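In structure tokens below, several structures.
Shared between the two complexes below is chain A, which pairs with chain B and chain C, respectively.
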Partner chain A sequence: MTKTVLILSMLLTSLGTAAANLPDGDEIARRINARDEGLSVARDLTMRMTDRRGKSRTRETRGFRKYYGEDKRTVIFYLSPKNVKDTAFLTWDYADPERDDDQWLYLPAMRKVRRISASDRGDYFLGTDLTYEDIKLETRVSIRDYHRKTKGEDEVDGHPCYLLESTPVDAKTARELGYGKVEQCVDKEIWMTRRARFWDTKGKPLKTAYFRDIRKVQGIWTQHRIEVENHKTGHKTLFLFSHVDYQTLVSDKWFTRDALRRGL
Partner chain B sequence: MTQEALKSTRAWRSFWFITAYPKTVITLGLALIIACASFIPTLIKDTRSDAFLPEDEPALLYRDKVKETFGLTDPMVVAVVNEGSRGVFTPHTLNLVDWLTKEIAKLDDIDPDRITSLATENNISGYDQGMRVAPFWEDAPATREEADKVRQAVMDFPLYVGSLVAPSGKGTLIVVEVPDQEQAQSLYQQLLALAERAPRVGEEEIHVAGEGAVSGYLGSYIDADAQRLNPLAALIISTVLFIAFRTLRGVMLPNFVVAATVAASIGLMAAFGVRFYVITNGLLPVLIGIAVADSFHIFSQYYEELARHPDNSPREIVVRTMVHMWRPITMTTLTTIAGFLGLYLASVMPPMKYFGLFAMIGVATAWLYSVTVLPAWLTLLHLRPSPAYRPATGGAYRTDAFGRMMTAFGRMVVRRAGWVLGMATLIGIAGIYGTLHLELNESRIRTFQKDEPIVRADSIINRLFDGVQYLDIFIETSQPEDLFDPANLKRIEALQAYVETLPHVGGSTSVVDYLKQMNRSLNEGRPEAYALPQDKDLVAQYFLLYSASGDPEDFQKEVDYDYRLANVRVSLDSGKYSDEKAVVEAAQQYIDQSFNGPGIHATLSGRVDVDYHWIKRLGETNWGSVGIALLMVWLMATLAFRSLVGGLITVVPVILTVLLVYAVMAFSGIWLSISTSMFAAIAIGLGVDFAVHTIERLEILLRDEQRSLDESIVALFPTTGRALLFNFLALALGFGVLATSKVVVLQEFGRIVALAVSVSFFASLTLLPAIAKVFRPGFLGFRNNEQPLALGTELQD
Partner chain C sequence: MTPAFSCLLLCGLLSAPALADEADISNFLNGHWGIGSNQGGTRFFELTWQPEARWRFDNGGRLTGITRLRWQTVAGMRPTDMERDSYSTASRPILTSDTSELELRELYYERGMGDWYLTLGKQQVVWGKTDGLKVLDVVDPQSFRKFILEDFDQSRIPLWTLNAEYAIPDWMGGDWTLQLLWIPDQSYHALPKPGATFAFHSPRLVPRPPPGVGVRLNAPKRPDRLIRDSDIGLRLSGFVAGWDLSLNYLYQYDNRPALYQRPVSGPLPILEITPKYHRTHVIGGSFSRAFGDWVIRGEMGYFSNHYFLDSTPGADQGLAQSAELSYVLGMDWSGLANTFISAQLFQSWLPHYHAGITRPRLDTSLTLLLRRAFWNDTLTAELLWIANTRDGDGLLRPKLRYEWRDNLETWIGMDLFYGDRSGLYGQFDDNDRVTINVRYGF
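Moving on, here comes the complex of A and B:
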């Protein structure tokens, strides 16, 4: 009996010590956000969305992204399928939370650029399982929206990582984001998220995302594959990045309505 | 028959054997009841109207396909109504909608993404530079200006006017898809509780309706009903038993048979996983009635024997009774089984098929207990004569006032035999006329009394909105993305335009309506741009554009993921079969002639289509089941009496019964519906007993050469006639109890079966003696060379 108690207390002590040795949540977040993402990037992106019956839609795009200080501009040109070829989507994201992002879509069949209403942060991005907020953050995390704590350690695809649990600061933020809790598995060495689990505002499992095929491109750790599964709808999204280029400077001209109309 | 001869019969020896081990027989009987009853707690209730269709019914398969592909179910519909001058577009009412939507999303049995209300839906609107897809509000309107803006936006979105908001603005709906109809009852209760505690002011009202709610309501309704009705039926039947025999055993032992019958029938139902359907409620009084019927005859004979042979031992009296009664009660058991076999064979709908099957099991159990446990128990009891049967001199007995009343009735029948036959002919003719004018119809909401909240909710919603009875049109094209083709979209648009011209159709929605709204929004919101885009690529691009703001699942109620399948949901404001029939048949004709073509195909589906098919089925199979039940009963009676004519005469009273009841229904405007369609088979099964008992006794009485024909016939009345009277009273009152049910269809069922039983009783006791007297059929022992007797001349008072 005494022995058992002794062993148990030793175990507990060692666990406590282990947890105490882990970096705290804010530290992990700071490390994540300190990563180099490149000032601008050009890349191909294939999006494959599959519904719960296994029917899928595949869209191939070429896109550019560039930081303007804390603000960011993104443009995506659709290459296929044929019926949406040359459709183009432009976003100007503003760091100021009070300012609505600007979005435009070019519809080649109408030959018109149309402004579309600012999306909510929790809205789904172009029919995928990622929200506008997920897309906007890319590999970063939002400091403002969450309280964070380190839950322990885990491993994804053989890479040891820290378990970072983030909970929205208040109910309103949770509603906006569409998440009640997020748990990320953050690679200990390169400070990139390898897996993220999301819960909805009712506390039910919402979706799980895996970030894979992470390798260095021009000195920058880059994810090439994102797999997301929505547990409520059974809907899945696969993002495949290729031809990633951080070095060729992306011209400002790509991020204009004229560029949308002109196409690639 | 001498005492010795009687004791050497096989019947005597059999019953002598059964009564040798009374305690064993009773113990076995009890054990069987307990074994069967132990399954009853596992019984599953099934109030879905889908339960009426066989699982392989094409209409159901398509309905399930629509459910699987588009997630559309029979929803619960919560209506928020404000009859004030601004309608629902006041800050408070819109906040109420917002509150309700959020609270409903918290409930367990629903998918929060499958709630449709002003608080969940996106508005698609246009402005000079583009299209805006956004919820009608982020935070529910706080000021009158904001509420007015919502009104403007909603009223400018044709798709939602009528379906989501009342064109008058007086109401708006929250449509809640029910993922599992089994949860309907609890979900409905939860919604009512929510409506109850919702913060309402002024003229705000909240109503809950829809097919999902009807199922849910019916479940709790039936529970409450059964708990009240079944004890009442047992009490009434016990009272009739007491009046008939005025002894404790005359009340308790038949109730023991009732317990066995109900336990066997319902217990086996549970054991085999058969569900308890809405109409299974009607089975309980049938079982109770069947179970006591044999007892009436056995006890009548028992007390008769006791009055005649007061010096016999209990065992001798019991065996004497059984020797006389086993034959008629076995015959009635077989004919009743034949009637329910007819129902079983002819029905395609599972609830009715099982009704027939478990009624047969009940009848057989009642017979088994009546010829084993009942005599065993009576053997154990001390002899105690009934006050209704007093011994008289010379081995005879004096009957009570009921017996004397029946004798008087018998004399009248014998005197007026010709008149009886004439009346029967007239009733038969009226019955045929009525039968030809029966109206096949049904309406689920009619199940409930008019003052029930669900009926009010239904009528208010159907008045304010397009309607909540849904017909789905499932559209299939051959290749993915074929629905981008403007030619296909135009076809769907034309189909919708046609269907909307049909009576009781309030409106329809499909992806076409969304595309038109998008087209208009992208053309600066100009009203004339509310039209389909002309270019296949543009359609594809509209969907992509929409996905920039909407959810990936937003159009899943309208199109499948690869744009090959689409659904058109048509709203009807009536759930009445005759109205649904007109719409379904017209829509089908249009689809066949104008819609279907190479590469595109439409199939009707949804609640309205399913209802149409099964009620139609009901009409088609009804006559078959009546015919087969009659045929089976005739066959069985023919075998029992070993005479074709005998079999024919046996079914005459039940045919007359069925015709008369149909006539009453036709003349009083009662529909041939779920509840009333089964009465015929039940009436045949139950009613034929009166005829079998009458003929069996007549056969015996007429063999007595010492009495005149009329005296023999009159002798039927104080004995068998008296037993039948109580049998009839127990049945009629037992079914009469159903007439006090809160479920309108059960009321109808109860009244009609009570009427049918009454008609069978009177027809058997008047028509059969009259036929015997006038036509002197050979199977009753008449010799053919005898001169027919002049009507009414032989009787001496």
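Moving on, here comes the complex of A and C:
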């Protein structure tokens, strides 16, 4: 009995020491957000949505993103299919946590740029399996919305990573985000998420996302493929990035309501 | 516009000009079937083909062309059931047969030059922030072929316009755009002929002759001087401290004609009606802002000169003149996932009013829109309710839309009018219908 307790004690001490050697959750989040994303980027994004019966829909877009200090502006123009072509979405994302983002949507059938509420960040982005908040954050994480802790280590596609567990700071935030818990597998070398698992506000598994085909473009680590599966609905979305360009500076004119209306 | 010229344009739009560096051509086929919800039977059956093309040039310019060929079989909804004199010659659709018409919807060249952005040609100019009802969205006239049931994108009558926009960044704490419009196109609202399915017969809108008196509708007296009768518009729009703002001014011929009435005595007494267009100044503004789950938005327009039907005996040709102040306050709520709820209060007030005017001094309408998306936005359920609180009439429009494939969507809906038949909506109480729509893009 004494021997068993001793072995268990040594094992726990060893695990504790290993966990203690891991960077804490906030440090991982800081490292993720400190990654170079370039001042601006232009890229094409194809979104392929497949329902549980195998029926697929594809959306092709062209998007631009640019940082203004800590603030960020993002615009996405739909190129196809014909029925949604010219739909465009603009976000001005502020670093100040007290300030709501400003968002506008242009629907060609209305011929109007419409102001939309930024608080529906837990809504799914135009039929995909990522939310408006997921799309907005891109490869970053929200510091103010979550408490974080490091759970251990894992491996995705042969890449060793830290397991970062994030829980919303309160029930209201959880409801807004639509998540009760998020577990990310963060690459130890490049500080990019390789896999993310999401649970709903009731603690049930919600969806899993894999971030693949991560390679350097113009010196910046860039994800080119995101695979998301919603475990509740069986719906999947494949995001494919191409023609990524960090070097050509994106004009400020793209991030205006006029540009949204005029289209590409 | 001659049929030969229209056909040439249609053919031209389908083949990219050799000078263009890049061409993007789209086609939309739309089938729309309406079945009477009371007595059954086909109330309308309509097929539309809308080819669209956009060419890009090396210098950054773009040329966009959109035409529409529409075929409608059921009497009361055919192209020949619409008044056509309200269109200018340059914008009038071509009757290709009794049941079909071809229309050049848009043809414009646009190009940015420094802080300027020019759009020249036949185009839609949309002002305002309201849904379903219009206050400032009066730059372009509208076809009332289906009353207000048709999407504004389709019912709006695009005009030949010079549209110049000048960007003013970092001015007065925000980013602004000044828009200048010059519209030499003298086209006005297209109204259904008497007897058409959606012909107006509310006493608010059309004169009612005494029993035994016939009606003769004359051709409208319309402005015809290209320069002197053109419209001019100005809009300053900007984004300041979280607010989307605009100030608008329009000097135009009112798109609604004044209906001058003259009794003609004889063996068979007749009331002669002559539509005539008048100048009006429109001064207004709009705003919108998001607060958490809410977006508030509104717009206001003051029209200096409108004409209303006047039933007072001895009234000057059956008309009364007044300015009109119209405004809308709207609130959108999206606090529940995939759900959108929007309500609007619309009011119109006449400062110079007397009891003989056939509409109330203060007219109030309410709209409520409920929309929820399901199955990753492939299925959308929607209910739109428009009600006039003065007359107690209104319109209910439930709709279910399903996206089958990338370019194929269908929806089934109902248009249900209710209330007093002398009201704006109640006048169409016999036109309740179930509609089925199929749209295919390629």
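What we mean here is this: the second predicted complex is superposed on the first by the 236 of 264 C-alpha atoms of A that agree within 3 Å, B and C clash if a C-alpha of one lies under 4 Å from a C-alpha of the other, contacts with A are read in each partner's own complex, and residues count from 1 in each chain.
Convention: a contact is a pair of C-beta atoms (placed from the backbone, for glycine too) under 8 Å apart; a residue touches a chain by one contact, two chains touch by 3 or more.
Owing to the predicted nature of the structure, the values given are computational and were not obtained by experimental measurement.
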Q) Taking the superposition as given, does A:124 touch the first partner, chain B, the second, chain C, both, or neither? A) both
Q.
Quick one: is A:262 in contact with chain B, with chain C, with both, or with neither? Answer first, second, both or neither.
A. second
Q) First (chain B), second (chain C), both or neither: which does A:23 touch? A) neither
Q: Figure out whether A:105 sits in contact with chain B (first) or chain C (second), or with both, or with neither.
A: first
Q. Looking at the overlay, what does A:232 touch: chain B (first), chain C (second), both, or neither?
A. first
**Q.** Common interface residues of chain A - those touching chain B in one complex and chain C in the other
**A.** 49, 51, 55, 57, 81-83, 103, 108-110, 112, 114-117, 119-120, 123-124, 126-129, 233, 235
Q) Considering the complex alone, what residue numbers of chain B touch chain A? A) 69, 105-106, 111-113, 129-134, 138, 480-481, 484, 522, 533, 535-538, 540-542, 544-545, 547-553, 556, 560-562
Q.
Which stretch or stretches of chain C touch chain A in the complex?
A. 26-28, 110, 112, 117, 124, 126, 128-129, 151-153, 156, 165, 167, 169, 175, 177, 237, 239, 242, 244, 288-295, 297, 332-335, 337-338, 373, 375-378, 403, 405-407, 409, 439, 441-442
Q. Within the complex, which stretch of chain A touches chain B?
A. 49, 51, 53, 55-57, 78, 81-84, 87, 89, 103-105, 107-110, 112, 114-117, 119-120, 123-129, 202, 232-233, 235
Q.
Per the contact definition, I'd like the list of chain A residues that touch chain C in the complex.
A. 49, 51, 55, 57-58, 80-83, 85, 100, 102-103, 108-112, 114-120, 122-124, 126-129, 178, 233, 235, 252-253, 256-258, 262
